[in-house]
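Shared between the two complexes below is chain A, which pairs with chain B and chain C, respectively.
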Partner chain A sequence: MDYSAIFSYMYTEIALAGVIVAVLLYDLIAGERGRRYFQTFVCLLMLFFVAGTVYPYHGGTADVFGGMYQYTPVAGIVKSILAIGTLIVFLQSDAWLSREDTRFKRGEFYVLTLSTLLGMDFMVSAGHFMMFFIGMELASVPMACLVAFDKYKGNSAEAGAKFILSALFASGLMLYGISFFYGTAGTLYFEDMAAKIDGSPLQILSLVFFFTGLGFKLSLVPFHLWTADTYQGAPTSVTSYLSVVSKAAAAFILTVIFVKVFPSVSDYWQLMLYIVIVLSITVANVFAIRQKNLKRFMAFSSISQAGYIMLGVICGTPYGMTSLIFYLLVYMAANLAAFGVISTVEQHSGGKTGIEDYNGLYRTNPKLAVIMTLALFSLAGIPPFAGFFSKFFIFAAAFEQGFHVLVFIALINTVISLYYYLLIVKAMFITPNENPVPAFRSDRGTRLSLLLCLAGIIALGIVSSVFDGIGLYSFGM
Partner chain B sequence: MVHMEYYLIVSTIMMFVGIYGFLTRRNLLAMLISVELILNSVDINFVVFNRFLFPEQLEGFFFSLFAIGISAAETAVAIAIIINIYRNMRNIQVKNLNRMKW
Partner chain C sequence: MEYTILILLLPFLSFILTGLLGTRLKPVAAGTFGTAVTGIVALLSYWTAFSYFGAGRNAEGIYPTMIPWNAEWLPFGGSLHIDLGILLDPISVMMLVVISTVSFMVHIYSFGYMKGERGFQRYYSFLSLFTMSMLGLVVATNIFQMYIFWELVGVSSYLLIGFYYTRKEAVAASKKAFIVTRFADLGFLVGILIYGFYTGSFSFTPDSAVIGTAKVFLPLALGLMFIGGAGKSAMFPLHIWLPDAMEGPTPVSALIHAATMVVAGVYLVARMFPLFIGYAPEVLHITAYVGAFTALYAAVVACVQSDIKRVLAFSTISQIGFMIVSLGVCTSSDPHAGGLGYMASMFHLFTHAMFKALLFLGAGCIIHAVHSNEMSAMGGLRKYMPVTHITFLTACLAIAGIWPFSGFFSKDEILAACFAFSPVMGWVMTFIAGLTAFYMFRLYYNIFWGRENRELHAEHTPHEAPLTMTIPLVFLAAVTLAAGWIPFGNFVSSDGQAYRIHIDWSVAAVSLCVAAVGIALATWMYLREDRKVADSLAVRFSGLHKAAYHRFYIDEIYQFVTHKIIFACISTPIAWFDRHVVDGFMNLLAYVTQKFSWVIRGMQSGYVQRYGIWFLGGALGLAIVLLLV
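The block that comes next holds the complex of A and B.
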């Protein structure tokens, strides 16, 4: 067997496994004093990792392990987006990790997070349902540990239990669907299976089961009930990771599977997605308006954003794929900025995450308030920021495929979402407050990450070469 | 020889018993056991399809092996979290997991 193909095409996964081993060893040998520089060490490693893998080395696609693992340039782009998101989360997490009760388990946080990232990388370039399933579970089992990371807080444990039980249930349903695909098609390779999908009732049923499992990962509406509780109970850094990185990977692989394996039953999955998109966007908007806790609020906001992301999946065209990836990138910048602010305010105010606690934030912490405002504007899609362009591209892609009514419903919901995003802005700038969160200076990592996100929010939309660059690679999907 | 349909009847019953149990049980461990029923019904499906329909390849057997391994890992994590809940709240009834809702 020729091993050189493994090293030349699976370089992202191999490098990431190396990073994980290095972090584990550092945790073992660094000692009490060395661990103070844990964040610097991990962030530098991740920086090298991102710098080394950000550019896809090969122009074409290739199969490794007989097609189990498929290298595509566009998957390489998605992996580097995921890695950058992880790096930003690491930059934000130090204030929380150096707290008294979590200080001794910093290493665990980094190793678990990197393991989920490794799982997502395998999932993103899977070419076989077994590879896809293993990647997905490698992403979701450590994720449950991360959600329940604050051992002495009841909320964190409750969130972890809700997450792991729903995850198990969803993956059980998904496997049941996959087992019937196997029974009717006789193979589980994406490429061989496409020819065997003929739209028999059993296959449609298993398509529904399969979609349920991924819909849970993406927290689309009929499967979203775990989202708000998990987001609220989990530590804030974990919430931001969960809302951005894990969602991005699942959205991408869902598109790949639908386009590669199920083109012959596209009527069925487009109908399914249609219903789910309308429900996700609308229901999440209605629930977001009545939230009192900012983390819960962001949970519903991310559910409705997932609905918009699905607009890129429903197209099934290279243009839809490009706008999907661009949307994920922009959403990552905006959402990580918002969660960065939430996290640093929580750490410096003794755990305040209610929306009323943000009243009058502008008077005491003007910079944080402005960054939060810009992030929310980008999430809502107000013109000069990147969020407007990403929404525009994804709506245009869906409109081109003839989903006129769907785009119209999404547009109406964008206006509703503007209302509730502005509620937060109003709380920070206008609502008076006797004792607002006192002025504080956040740590270096958080400031750096917020600057990066801010640059992303402002620049990604204006620098058109980003969108074109992604478009160059997403030709073959 | 036993026909394939009988195996599939067993696995389907296991699947839906699992779903019913997951939705009605009020104890976290009982819910976990119900989910295990679902995962085991999937394993039966894979093995039966492989044995009866595609005996020349081993894809289904391997998938069920991996599925068993992964579900064991998931169960371990779930039980660890349930123990943690027991330490925090002194019982594992679902009705006590109500600090966060809506």
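The block that comes next holds the complex of A and C.
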């Protein structure tokens, strides 16, 4: 076997493994003084990693390990988006990690997070269901540790327990479905399977079971129930990572598998997605309106966003793929900005995350309030922010494929979502408050990350070359 | 010539910087920065013009159209896409020079005029925004980019008219300007969409094979685009915003509402000229009649206004009418046979920008000195303000069309083009030229000669403006003196070939005579202190005088139409529909959502085992649905 192909095509994973080893060693070697610069060290490493892997080195696709691992340029783009998201989360997490009770284990946070990232990278590039499953589990198990990171706090531990139990359930069901596939098709290679999928009832059943696993990751209704509890209980930085990076990877690989493996039963999975999209967007919106806690609120917001993301999946076209990836990128910028604000407010106000606590934030912290507002505007899809363009493209892609009613339902739901996003804005700007969150100055990393997200929220929609650039690679998928 | 992108980027940068830093910047620093940037932009524009025209003509004898910079910004399906880029051709290069020159002069001038004003930084920031937008408009590579910058220009005009936002009149004026032009822009947008739909591109030069299929709709599209142009260029009956726009600071009036933005409509027609001539000559001639009527109407109104800025505003409307007429009377793209008007129009645009900016800046000096816009506060100012006096006189002579000032040359070409189209048009325009001379000199005598308001001047002695304000005056006066000798036809002509301007002396003699009569009449009526003739005429024709003073009640007609007809009969029912049906639907959504959320809140119980049941139940439910359907 020619091992040079491994290095030439799996460069992202190999470099990431290198980063993990470096972080582990730093954790081991660095003394009390050196640990103070842990964030700087990791962020610099990540920066080099992103800079080195952001551009796809190869134009075409290639198989490694006999097709277990598949290199595609568009997967490379998704991996870069994931890595950038991780970097932004790292930038935001220092205030939390410098606390008395977490200071000693900050190395663990970085290593665990990077391990999940590695798992997702493998998952995104999988060419075989086993590879896909291993990647997913590699991402899932450390994720449970991350959720329960503040394990001495009751709700963090509870969140971790709920997460791991739900994840196990989902994985079990999914593996069950995959085993049926092996039984009916005789292979688990994506490329060989496509011809063997004939739409027999057993295969349809296993299609649904397989979908539940990713539906769990994406927290689509009805597989979403863990989301709110976990998002609320987990440390805010972990929540933001969970809501963005983990979703992005799952949405992408879902599209790839549907398009590559199941084109012959597209009617079935499109119907399934149709139902799930309508349920996700609607149910999440309905719940979001009633929330009192901002993190819980963001959980439902992210469920409904996942519904919109699925609009890109349901198309199964290169244009749908392009708008999907663009949507993920824009969603990442807005969501990480919102969570960045939530996280820094939480750290500087003694753990306040209620929506009422945000009353009058504009008076004391105008910059944070404005960033939060722009992030919410982008999530709601108000022009001229990037969220408008991403929604526009993804709706257009679905409309083009004839999902007119679906797009109409999604449109109505954006109106509802506008209402609850604006509730937060109203709290920050209008509702008076006797003792609002006092004025404070965030740490440097958070400020930098918010600035990055802000640039994304404003620029991504206007600089059309981003969308075109993604489109260029998506068409070769 | 990639550096031309800097012409747009630098003012944008200046806008962002001075806008974001705001009052954290010292006023002087903001002003200096904005002025320096505009100065560099002006130099770049001159260099662009120099190297563009210096590069010479191509084999076909025309200056080639260059696109040094272009990016596909928004692709649609098929061939349709929106580009952002820079297009250089003779008229866009000419406009670059005009805009950057006037803008630079206004930047310098504003130092003195706006000194000590609140919001000085904001003022310079908006000026930069305007400069950027206007430059972007003229170098647009396609009609949609033009539209984007067209709206940006509208916004900056709105912001600057309403600069004194604590004054009620200024706020009303800015709203009026925005709404009226926006209303017209609707026509422009619809025109663009029709154009894009039928020609399959937003380019100025679409595929001629495709145009064949769009034959019926192309004139319609061009006509609608002209409505947009008429709004910006204050053509009758969409002119009503321009006189009110004078509520803005005077240098702004000079830059936006005299020299640059208001000629955007003319530029638009000139830009689309090949299409107009090739496929919709009738529409082009309609614009000529609109322009001629506007020119006449505005000239008559200008004769009786007492606010000096209003006089200049109506004079601007009238002069833009001249430019539109000149384009509209073209019957072919050969300047020797019916296409002369194109060159004449662009020439007049150029010279008018210079002398009208000069007039406004001069008016600014006068207002600065006497703290009033009304003629009654002036009179006899020549003693106090010699520089303003001489430069103002230069501009008056130019606009009246007296040899050897620049206006003579461009107006002569316009009249020649009109006579070539039809003698009636020629004589009408000649008459309006005479009226122009009359009202301009009425203005001049009322300001600098005539009855002096001694009480006011004793209380507060008028004084010459500071150097920052007089230097731009002198510069523009020098340009006004020299611009007529520019061999303009050499650079710009309807078919791109070199055209040698030759004065048609029969036309010139007539127009000179008419102008002289106008000036003589004004001298007779207004030079002396008592103004017996003028007053008695005003009394004898009091009906006409009053109607003209009230601008023939056009604003009142608008008021009637909008309030009594549109608001009462159309808006009220629509508002009812909106409030009850549209909002009702939204309220229904909210109500259903609320109720629904009560029903299903049990789902989120907090017990992980129940979550598992939902999970499995959901999966099985999905499977059943898929298998049954």
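Just so we're on the same page, the second predicted complex is superposed on the first by the 477 of 477 C-alpha atoms of A that agree within 3 Å, B and C clash if a C-alpha of one lies under 4 Å from a C-alpha of the other, contacts with A are read in each partner's own complex, and residues count from 1 in each chain.
Note that a contact is a pair of C-beta atoms (placed from the backbone, for glycine too) under 8 Å apart; a residue touches a chain by one contact, two chains touch by 3 or more.
Because the structure is a prediction, the values reported are computed rather than measured.
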Partner chain in contact with A:Phe392 - chain B first, chain C second, else both or neither: neither
First (chain B), second (chain C), both or neither touched by A:Tyr182: first
Partner chain in contact with A:Val283 - chain B first, chain C second, else both or neither: second
Partner chain(s) touched by A:Phe65 [first = chain B, second = chain C, both, neither]: neither
Contacts of A:Ala228 with chain B and chain C, given as first, second, both or neither: both
Touching partner for A:Tyr274 - first (chain B), second (chain C), both, neither: neither
Contacts of A:Phe41 with chain B and chain C, given as first, second, both or neither: neither
First, second, both or neither for A:Ala161, with chain B first and chain C second: both
Partner chain in contact with A:Phe133 - chain B first, chain C second, else both or neither: first
Intersection of chain A interface sets (partners chain B, chain C): 161-162, 165, 169, 173, 228-229, 287
Residues of chain A touching chain B in the complex: 129-130, 133-134, 137, 141, 144-145, 148, 151-155, 157-162, 164-165, 167-169, 171-173, 175-176, 178-180, 182-183, 186-188, 228-229, 232-233, 287, 296
Complex interface listing, chain B residues touching chain A: 15, 18, 22, 28, 31-32, 35, 38-39, 41-42, 45-46, 49-50, 53-54, 57, 59-60, 62-63, 66-67, 70-71, 73-75, 77-78, 80-82, 84-85, 88-89, 97, 99-102
For the chain A and chain C complex, residues of the former touching the latter: 161-162, 165-166, 169-170, 173, 201, 204-205, 207-209, 211-212, 216, 221-223, 225-226, 228-229, 268, 271-272, 275-276, 283, 285-287, 289-290, 412, 415-416, 419, 464-465, 468
Complex interface listing, chain C residues touching chain A: 71-75, 586, 589-590, 593-594, 596-597, 600-601, 603-604, 606, 608, 610-612, 614-619, 621-623, 625-627, 629
